[in-house]
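Shared chain: chain A. Partners: chain B in the first complex, chain C in the second.
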Partner chain A sequence: MTRVAVAAVAGVLLLLGGCHKAATRQAASGRPVRGGTLVFAADREPICLDPHVGGNMPQVFVAAQYLDSLVSMDEHGAIGPWLATGWEVSPDGLTYLFHLRHDVVFTDGTPFTADAVKANLDHMANPATQSSTAGGYIRQYAGTTIVDRYTAAVHLSAPYAAFLDVLAQGFLGIESPAALRRPRDENCQSPVGSGPFRIVRWDRQNEVVLERNPAYHWGPPTARHTGPAWLDRIEWKIVPEASVRFGSLQAGEVDVIDDLPPEDETPARSNPDLSLLASDRPGNPTNGTLNTRRAPFDDIRVREAFIRSADIEGALGSVFFHHYRRAGGPLSPTTPDYSADFEHSKDYDPHRAALLLDQAGWTGRDADGYRTRNGRRLVVHVPVAATMWEADRNLWEQVQATERASGFDMRLEPASEAAVYAREGAWNYDLILGYWNTNTPDVLRIIFSSQFLGAAGVAGSHQNASGFSDPAFDALAQQALGTPDPAQRAAIYHRMQAIVASQQLQITTYPQTTRLGIYRTAHGVRLEPSLRVTSLYDAWVTK
Partner chain B sequence: MSDTSPFPTAPAAPPAASPDRLHVLARRILSRCLGSVGVLLAAATVSFLAMHMMPGDIVSAILGGPAADPTPQTVAAAVREYGLDRPLPVQYGLYLDRLLHGNLGTSFSQHLPVIAVLRAELLPTLELAASALVLAWLLALASVLGTVRRRSWLSALGSGLETVGAALPQFWLGLLLLWLFAFTIHLLPPAGSDSVAALVLPTVALAVPLGGFLAQVTREAFEIALDQPFVLTARARGLGDWSVRTRHVLRHALLPGISLSNWAVGALIGNAVVIETIFSRKGIGRQLVLGVSSQDMPLTIGIVLLVSLTYVVAGFLTDALYVLVDPRLGARR
Partner chain C sequence: MSAGLLDAAAGSAAAEAGQAGSRRPALRVAPALAGLFLLFLLLAAIAPDLLSHTDPLAIVPRDAFRPPGWAHPFGTDQSGRDIFARIVHGTRQSLLVGLGATGLAMAAAIGLGLLGGLCGRVAERAVGWLVQVMFSFPVLILALLFAASFGNGIVPLVAATGIGSAPGYARMVFGQVLSVRDAGYVEAARALGHGPLRIVRAHVLPNAMRPLVVTATMGVGHAIMWASALSFLGLGAPPPRPEWGTMLSMGRSFVANAWWLTFFPGLAIVLTMLSTTVLGRALQRRLEGRTA
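Showing the complex of A and B:
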């Protein structure tokens, strides 16, 4: 309630405020300028600056400024060199031999060698690190042997064709082994990398300050320049209130903001002082996953009826003002091996929904207009975390309305984040809301294979939230990881997408997206392709 | 209300401190301290129980995040590290024991000792609460001294402004101030905790509603005090209007407001989250919300204890202020 009111008042006030400073400063020249400070306003604060620990998006946003990765990924999904100049994969797919750059030094003076590769992978895999994301991505990791100072052999317990892809993600960035030897919580405060900037200070709930690494000359091939970063300094401010973030941007108090609020996107596009940098992230789109383990969604007809009763296009239009595109399939369009064939396989179709519900025996109607079977109402329980983004909440409220028209009593049940996890762990839901950002179609294995049904996650939780279990699908997922040929692998992932779409396991809404608002003082801001994470390495400021 | 108060200006000879009187005083202080310890213990117990009765699992919140994918070993390590596999009474006993040793534990959501979090957040919170309280009192006093029983339009204006001020929502005022002073005329920074300038707007946003509230209470007491016989006496002694108001009437009229300030200090610290969020300020309020939503028990209990402690300290201070200000207590001293 309060947040809605805040947003409404702020929207009006800040719109007015934006008009006053249309006067021109100097025109932005196309040539980068060395020096200066870029002020970035982020919506959320990392819980730890080391992205190996835990591992949520705010962590990787900061990590991309001070860490390098072993390999890079370009916008077409192709893997390129970075800290590793080259690699060879053994025929059985179990050993990756990495040849490393000889000239890289961490900002604490530690040289980058094969020891560092071993120390980092060991650190991610070590349970004491409490690595949810990075550690989860390298469960096949069996150990590293140091062949020589600049050659590391990484051993896996099973073939893992997505290994290089996940290594390109900032979550698996390479840190100074000397810094990693400190206690975990100390490393959280002041981690050390080899990236274009180094962390100088972290003032909680206020800002992270980074300064240029003057020695940097080992940027990824995806960068637009070589040598040290242009900026002297980054002030990475935490500004949680969306309207204040946008107001600060309009007033030029900050140079770049992330998570541009949907309601401000139209004013941002028409404001000559501002530009928008937006890109959809790869992975599993923002979704509601249906629990197939209990009624009513143990019946595929009811699942399809529910999915076809959700007018996602209409909801996206009213909540995001037509700025966000629909993602209809199990993979976001920017994911490697994505197929467009499943974009419209589950479109809004209330007539078909009614037919399916009749077939499934949900033929009665109670006094409130909801469908019933044997006197029981058709109820869908949806736990909703209190921390959920306002726009997402509005989106699901819209869905709730069209579901009601079909006779579903869809209940959005607010709870703390921890309580939602607990319900997830106990399979106590019919629909669970989520997303998964990753740069590989192997995400299908994580969220739909039976390998991730059990005690894989926290507190007996599971990454496969649908409860879907199909040996044929599992076999395909394993086969894909053991298939080095890209075309063959793409064919397998196509079959996996087809299975997921036909099984009616998710309502997918829109791709997760990075949306930056940029004031005219900032230039050259780039999105690092693997996860569409902001990179300020090429950025410069004119002020 | 006692109408027969002695004149506060009449200096009373301080009575000799008899051993009996010291004894009474010591007993009062002791019982007050014991009461405070009881309050703190109750606060710790209630918050401990509340966190455990909340639905949800603590381990998942430690390793949380929508995209979390930890290994079973990671989960086991976390359970071991935080002692979450021990029975509840044991966890509680261990916790009290550590509290007695001044060890508030580690905030698992922040990866920091709780003490370090409190140390980092307390000063900005106290700065804001103190500056808001001072400004609120200045506004209240200006309105009361300047407008009560003046010309009728002035009195009505003061009373009206107080009502409007007390009714203003803090977040609305905060956004209005931001728009005007930070985004439009660029006089003050919109966000941060680093400078005195950054303190101004959040202070005003908190102080105006509180000031209106304090002024309303003080105005009523002030009007009652103005009707007391001692006012007439004071005027008869030839004192000017300003002196009567500030030296005599105000001392009576301040008392309800001082009582309210005790509550206001706790409220300013515990409920500052909206203003802290709008102005992107560091502070206890935001930490408390974070701690609760992630079920970070050590952090939440640490903050609850700290807020309880500020209530207790504020209680001591307002008692002392009461004694200093109240003309009757002063005379008897």
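Showing the complex of A and C:
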């Protein structure tokens, strides 16, 4: 009797599941519905909602909902219009003349004009803003002249081939000049843009609430519709605990989560209520950068030995369940001018590591099995933030174990995020964990050229964390930015990738990636191609 | 939280003490088992290699997430490390933290208790006030506060847990000293012309300490739990050192896919707590029996 009942229930459930799937697919391809609230669960909270200040990924995730950019970038990397309808570049590459839309209004009522372009670029370049990302991207900025109400001429101190690419990123989003004039903390709390949504409030450590901008009709060409957003409201929750985020998604308490943990990808794929939206981001992959400014990594042989002792493939298989691809070179595969030639330049090779360490004089072994030279142990100090992502933590613990086999005493030293930043600023580390998301190979200049050895950003850390400094490399980086021909430029970036790979500056692991888990109630969620950042402009909910 | 429950258990143990001995005289199996388990832990702490030949730090990525079986009795973790080996090798640290923290807490408590009980009115007031204030903070909050200011590692962990649990002991010692201070035999000793130091050593301390022995036995288990909680929160020893609380924390994201990552470290903590509590109660019965 019970068995029959169970079978019957199972049958009905199966049928329902089948219908259900069909229904979901229909809704996904069906007509968008206006209204409703989408609940989004993010893993990290922005330090400031204005993406000009500092400039870390959680800031741009929120910024993409309430800010527009001057230009857009499509899936093939081509630059298109957005707030600027067109532009002309002077033959010397030093002046960009932007023609602006006439019909854009910020959500505080301020009209969008050439003044706004000037105010925004000035704000990013102003040292008081402590802009590490946007400010770092426009080091060449020399000023803006207002030609007329809707025409702005932006002047650069040196040619900058990647200028339009970085302008397409949310980090350089355009804010209301009136709002920017307020004190920094106030603008962090309630910045104002012209985007499809506006910030209503930010309850720290809990949520950011956004509401539709009813006047919006200036979306980018990458969007799927025109006019105001479909959603009335977004509740952008901060849920750091990965299992809680995934549990809430399975229960349908939230509609979309970001940073779907690797261990939940397989269950997510087999769950008919869920779908996955994943895309690898361009830039410098998730990595550990070696500090070349002090022993033991001032010796290139020790650097290579260390990199060759890290079994990244093994960790990607066990901790990441083969869901993440390997990124073995200095650029992630989705970066323009990426070359696959360097993918295997640093594969796990403990034999070569042993040889190199012998050559470098680390021939002794102490009682614990670690290598020594002149009685001193081969120690690698790695400050790690307590807030570090579980999967990364597991990955670096596995690296620690394979390093130990080679004789490295790699010490993962947990500390608060602030303490890690402080050590970064003081060059007090041998290995620092990081990544850099950007849509241009010019990232190589930012993280390896001597131009970026100074302190930057709110925390005073260095964009070039390896301390690497090579005039030939710097010259190539400059040359690339002044080379308008794409093929020639690609050749230069190839040489730059070769230098970085041969100098043994990083252990690269996997590309930075956007991985959204989407419940069946949410549709039309899209990734803006420039940085693969979530855009909810085209999204709608059926509840 | 469990903290409340555990404190309640300890409290009721003290309250029931008078009748416990007569109520269940036949129940000697539990203390024996508890004793056996603690002996096993002691062995694991002194000579872990006798119990497990596997290296607790050896990672084998292709053996990740193996369920319990012949090769790995408790299974393997996300890096293919043997969980049984990690628990065995984590024992020394857990026991050290438990004993060290309890010792520290007792030392602090005795100092405070004697100071408050024997050094005049002002000291009595001050100590009473201090203990009350500290007691109003939950143990974990106090321990967190100290762990956050001392940094990571085993010594800060011992200090944080010890200081966190000191107020409870201090209140006990203080109360005992106050009651013993005016007892007849102390007055008699004073009348016989014994010096204050001798009185403290021969009369006050032994009598004030007796109930503390029981509480401290159970306290070791509690300290291990608090220390595990701190390392669960990321304030323990840095990786890759095996630590029960850290193992729990690292395994928690895999609860749905690989239960053994959290089950066995959790079991070790629970059994340790249970054993020290059972043993503490047995000890209590014997002590009460002797005085009665």
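Just so it is clear, the second predicted complex is superposed on the first by the 506 of 543 C-alpha atoms of A that agree within 3 Å, B and C clash if a C-alpha of one lies under 4 Å from a C-alpha of the other, contacts with A are read in each partner's own complex, and residues count from 1 in each chain.
What we mean here is this: contacts are C-beta pairs under 8 Å (C-beta built on N, C-alpha and C of every residue); 3 or more make two chains touch, one makes a residue touch a chain.
Quick caveat, the model's predicted, so the values are computed rather than measured.
Q: Kindly classify A:435 by the partners it touches after superposition: chain B alone (first), chain C alone (second), both, or neither?
A: Once the two structures are laid over each other on A, A:435 reaches chain B alone.
Q: Have a look at where A:386 lands relative to chain B and chain C in the superposition and call it first, second, both or neither.
A: Touch partners of A:386: chain B and chain C.
Q: Who does A:401 touch here: chain B (first), chain C (second), both, or neither?
A: second
Q: Would you sort A:243 into first (chain B), second (chain C), both or neither based on which partner it touches?
A: Both partners.
Q: So in the superposed three-chain picture, is A:499 touching just chain B, just chain C, both, or none of them (first/second/both/neither)?
A: Neither: A:499 stays clear of chain B and chain C.
Q: Which holds for A:146: it touches chain B only (first), chain C only (second), both, or neither?
A: neither
Q: Is it chain B or chain C that touches the larger share of residues in chain A?
A: B
Q: Return first, second, both or neither, reflecting whether A:127 touches chain B, chain C, both chains, or no partner chain.
A: A:127: touches chain B, not chain C.
Q: Show which residues of chain A both chain B and chain C reach, each in its own complex.
A: The answer is residues 243, 386, 415 of chain A.
Q: Would you tell me which residues of chain C are touching chain A in their complex?
A: 57-59, 61-62, 64-65, 78-80, 152, 234, 238-240, 250, 252-257
Q: Provide the residue numbers of chain A that touch chain C in the complex, in ascending order.
A: So the residues of chain A touching chain C come out as 242-243, 261, 263-264, 267, 311, 314-315, 317-319, 386, 390, 393-394, 397-398, 400-402, 404, 411-415.
Q: Give the list of chain A residues in touch with chain B in this complex.
A: 2, 5-6, 9-10, 13-14, 16-18, 20, 47-48, 53-57, 127-133, 135-137, 139, 184-185, 188-189, 203-207, 237-241, 243-244, 247-248, 250-251, 253, 386-387, 415-423, 425, 434-438, 446, 455-459, 461, 463
Q: In the complex formed with chain A, which residues of chain B make contact?
A: Touching chain A: residues 54-78, 81, 106, 109-112, 117, 120-121, 171-172, 175-176, 178-179, 182-184, 186, 189-194, 274, 277-283, 286-287, 292-295 of chain B.
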